[in-house]
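The following pair of complexes shares a single chain, chain A, combined with chain B in the former and chain C in the latter.
Entry: the complex of A and B
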């Protein structure tokens, strides 16, 4: 199968996932208690007054035609509608916040990747020594520290006690440090653990022994055989983790008052601003589809078996 | 190898297992914590400076006339002026209007505006602009939070540039509280026409500060209005503010607001979480200003469904509940036990009725339940005459501190043999379920600026809407209706006093407590003024060098 064909198949699959997810999200929001008219007209309105607003907003029409209209606007015009609360275009609201979340997530992922692979590598190289034990304890600690606990500790030390770094907001490189650290620590721990176990497994493979035995330079064995093979699962993991950071960094965003997508979504849920909630859900689906595709491509570059298996 | 050890150390510190870090004590300030007072003589006041206030949620819009959203009402008083000013003691004072006359029959009010007022865009703020604003509010209908306040307005006219006449279909005692809220701020008609739909993103008013920038999700920045000369009469400085800038920073998490105060990133915040109050009280740089939103937290009953359709059961519950214990245990003392359905800070609250309060008494509770037809069982529980055990479901929203409150109530009622199950729902679901009358008991909080709240929440005409109790008492309806049209405060107080007697006796709600909320402000800020409903003015505030 050619590359173009595979890409096409993936895109079609992605579109199908988008259709299913958007339909589910649309229906779930429809079925949840209350709607934006509760916010718009307040407590004192009579049912008739509420219905009038609902009619004005077109919310009294049957749900299926509204869903199709929504999908038509989305697919043909890239239009996600307008916020029910302040009438601003959803795409505009989401785009602003997505950039902020993306910067946070990519920084945290890169940091976690570098630190995690280093830790995992050295733990594996010195397996069953005191260093391995120490590193493993550190990984377990990093993994089990709740993000909010870490965030509070970091701000207490670096913002309140030492006064080195701002605790809240965005806007400068200094604002990045604490939220990125909070996100990176648990992610690095997961990556380190997987790197370690994957490396230990690869090191015992016969082809590694063979390569050493036939006199391939140590360097080359590591680059060609050991790292390449053991990093395949790590890449998948990084892809998934990055997706989670993009779509689910709202705890860190809330704590550090970071103007990201997660916070926008949570606020929209409180405001019952369903167009914005729906837009965020759809964006999350698209993110995961794109990431999966990228991870796939990297895999096939690293591992010829994946390339040939699909050929 | 050293490199890795260093790495490890960092990780260990980050995971919180490291050696204790030496605390750095914040520099103590010599000044005693002082209450905000009127500004000192102008000569001593340093000009300039920036004050930053934390906001819990980002405003959806800065148009004062749309639906209520959190965060907005804090910003509005800086951007917009109102016709009259309402002080924390709920008295009214000249603001944009320098005087007003209420007709003897109460059917019209004539306001005289101060001359020479301009909006931030330079256009004049005259009677026509006020008329435009009020008309805009009325056109919004139920989409405006002030709809009921304007309901009895027949017409708003501007006979000349500085005269505004409002006529009523019947006298309204809530009109002044309505037009003094931040939601009745006067906007520039020119700007509203020019900016159109995006007015809420780039608001133009006449207030002491002008809109500067809004970074979505982060900050709203306002700058001094140099031309300002029409501040409320209660201020010494009615001219331009001393501060250069006021910045509102959006910080959703209460604990982080406190952290940001401690790290110097915000100067002012509103706080009602007991843990954070305790934390900030220890900071010598923090002055804690007790403030009120005229709030009440109460246990509301569905009076149309068993068992609370029986007044004896409601009264029995009142005897079974210990409000002081509730405040002490669930709130660490940050509240005051309440006996009246009116918050003590609202005009009309009658302190002399405290004697009617039912002091916790399980024997009396048992007597009332017996009288209501319940029979006590061997295990202390109660069986109704219909063979059903006395067990109730309490609906709460998931917001703090509801869960703590509900748990304490559950324990207290258990001692009286009453089984309570707690059902925690998301706020929207609580509102929907209780409005539909599909519940037995609920925890509810109101923040209201007038005693008319009783009318809104308990009059027969509001059943199916805001009267979630389904409570109907023609005598009470009559009193509340009269009070909403009574302009003589003494007579009005008497009407509300009678209404409170009825409600304390019949208990569609058991009032539980009024919360104690704080505005926390850096001690270096002087001259801030807190009005009614926690509305803050920084017109004469300055930062001590």
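Entry: the complex of A and C
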């Protein structure tokens, strides 16, 4: 299968997933009893007043036509509706927040990648020694630490006790440090574990023994045979983790009052501002699909077996 | 040389001897030193299960009793983990919190495990259009990845501990499905399944009597790791207010209440955090240990 054909097929699959996801999200939020008008008009409003608001917002119509109208606005005009709370366009709200989330996620991913691969590499190289044990314990602890507990601890030490870094907010490079650290620790632990196990598996392969046996220089064996093969799964993991940080950093963003997509979503859930929830979920799905596509393409560039196999 | 060849089948001809030998090696295996992560994990998990079961016997006070004048008491003889801002015994709240934490994460695990395993076995064994149909269905599920589906459900149903467990469990179904389906497919090619088919065993019998028992180690490992994941996610959601609601002594809620008093009363955040860390670590270590011991290939 050619590269272009593969690209096309994956993109079509991603688009289909997006349509399905938007339908599911719309149905979960809109097609059930009780709706946003209860919050908008307050408890004291009469049924007639509620009905008037419902009619004005078009909520009295059946859900399927409303879904099609929503998708038409989204696909043709790039319009996601307006916030039920402050009546601002949803696209404007999420676009503003997305940049902040992206910066946070990319910094955390890069940090986690560097630290995680280093840890995993050294654990594998010194397998069955004290260093491996130490690093494995560190990985297990990193995986089991609640990110919010870590965030509180970091805030206490670095902003309250030492006063080096701001505890909440955004705006300067110093605001980045604590949220990025909190996000990077569990991510680095996942990456390190996979790097370790993948490397250990590759080191046992016969082609590595063969390469050493036929006298290929050590660093070439490592570059061409060991690293190239063992890092392929790590790269797809990094892609997935990056996606999770973009779409799922809402706990850390809430703790550090980081003006990102996650905090916007959480706030919107509290306010029952469904248009904003829907908009940010759809944006997260788009990000996921695009990332999947990119990871898949990198994958096929690195591994010829995937390129030739039927997808 | 001839003697050596003769002595081998002799053991095979004596099934009783073999059985006895196997029983011997089984006890020997139990007595042998177990890997560290398995022992530590099983120990931590057992400890937490015991605390959850015997919480009323372990604590001196009710988790909701307010002691006037005891606000923010430091840990000591009276209040082992100190008292919170309202004067409630923190040890009692953390101990009873074990029930909510384990209930939520084990409940979520069951919600994803039961449909995930059933669909996975059927899909992997039947193949053909059944497999196609179920796999497409799961792909629809996966179009809302990670916690997005859980968030949507929480947004719609309103935050509570039950909603969190349900939402996390539902969004985890594809994870179980994919692992079980892949394992089933490789098992279905093995000779003993073929043998069962050739003597005319029904498909349902093969699934129940042959496939599921052989999948059990994979499933147990997956369940253990998942409980840890769900506990982290669930207490995180509770922490930001999208899970259990106060005054329920869930660990995430406790930690969230404690963060405002961190300077005067470090124990309010420390003990619930430690409880989460130990429990998650326990399930993770147990899962890893069991995987190293029993599984042919890696799960997740």
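As a convention for this text, the second predicted complex is superposed on the first by the 305 of 311 C-alpha atoms of A that agree within 3 Å, B and C clash if a C-alpha of one lies under 4 Å from a C-alpha of the other, contacts with A are read in each partner's own complex, and residues count from 1 in each chain.
What we mean here is this: a contact is a pair of C-beta atoms (placed from the backbone, for glycine too) under 8 Å apart; a residue touches a chain by one contact, two chains touch by 3 or more.
As the structure is a prediction and not an experimental result, all values here were calculated from the model.
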Combined model on chain A where chain B meets chain C, clash or fit: clash
Partner chain in contact with A:272 - chain B first, chain C second, else both or neither: both
Touched partner set for A:197, first chain B, second chain C, both or neither: second
A:160 touches, of chain B and chain C: first, second, both or neither? both
Greater residue coverage of chain A in the superposed arrangement, chain B or chain C: B
First (chain B), second (chain C), both or neither touched by A:24: second
Touching partner for A:256 - first (chain B), second (chain C), both, neither: first
Which superposed partner A:244 touches (first chain B, second chain C, both, neither): second
Which of chain B and chain C A:147 touches, first, second, both or neither: second
First, second, both or neither for A:284, with chain B first and chain C second: second
Contact residues of chain A, present in both the chain B and the chain C interface: 32, 141, 145, 149, 152-153, 156, 160, 254-255, 270, 272
Interfacial residue positions of chain A with respect to chain C in the complex: 17-18, 20-21, 24-25, 28-29, 32, 140-141, 143-149, 152-153, 156, 160, 197, 243-244, 247-248, 250-251, 254-255, 265-266, 268-270, 272, 274, 277, 281, 284-285, 288
Chain A-facing residues of chain C, complex: 37, 139-140, 142-149, 151-156, 159, 228, 232, 235-237, 239-242, 252, 255-256, 259, 262-263, 269, 273, 276-277, 280-281, 284-285, 288, 298
Residue ranges of chain A in contact with chain B within the complex: 32-34, 38-47, 49-50, 53, 83, 85-88, 93, 96-97, 100, 115, 118-119, 122, 131, 134-135, 138, 141-142, 145, 149-150, 152-157, 159-163, 166-171, 181, 185, 254-260, 263-264, 267, 270-272
Residues of chain B that touch chain A when the two form their complex: 1, 4, 7-8, 11-12, 14-17, 21, 23-24, 57-58, 60-61, 66-69, 141-143, 145, 147-148, 197, 200-201, 215-219, 249-253, 255-256, 259-260, 262-266, 426-429, 431-433, 435, 456, 462, 464-466
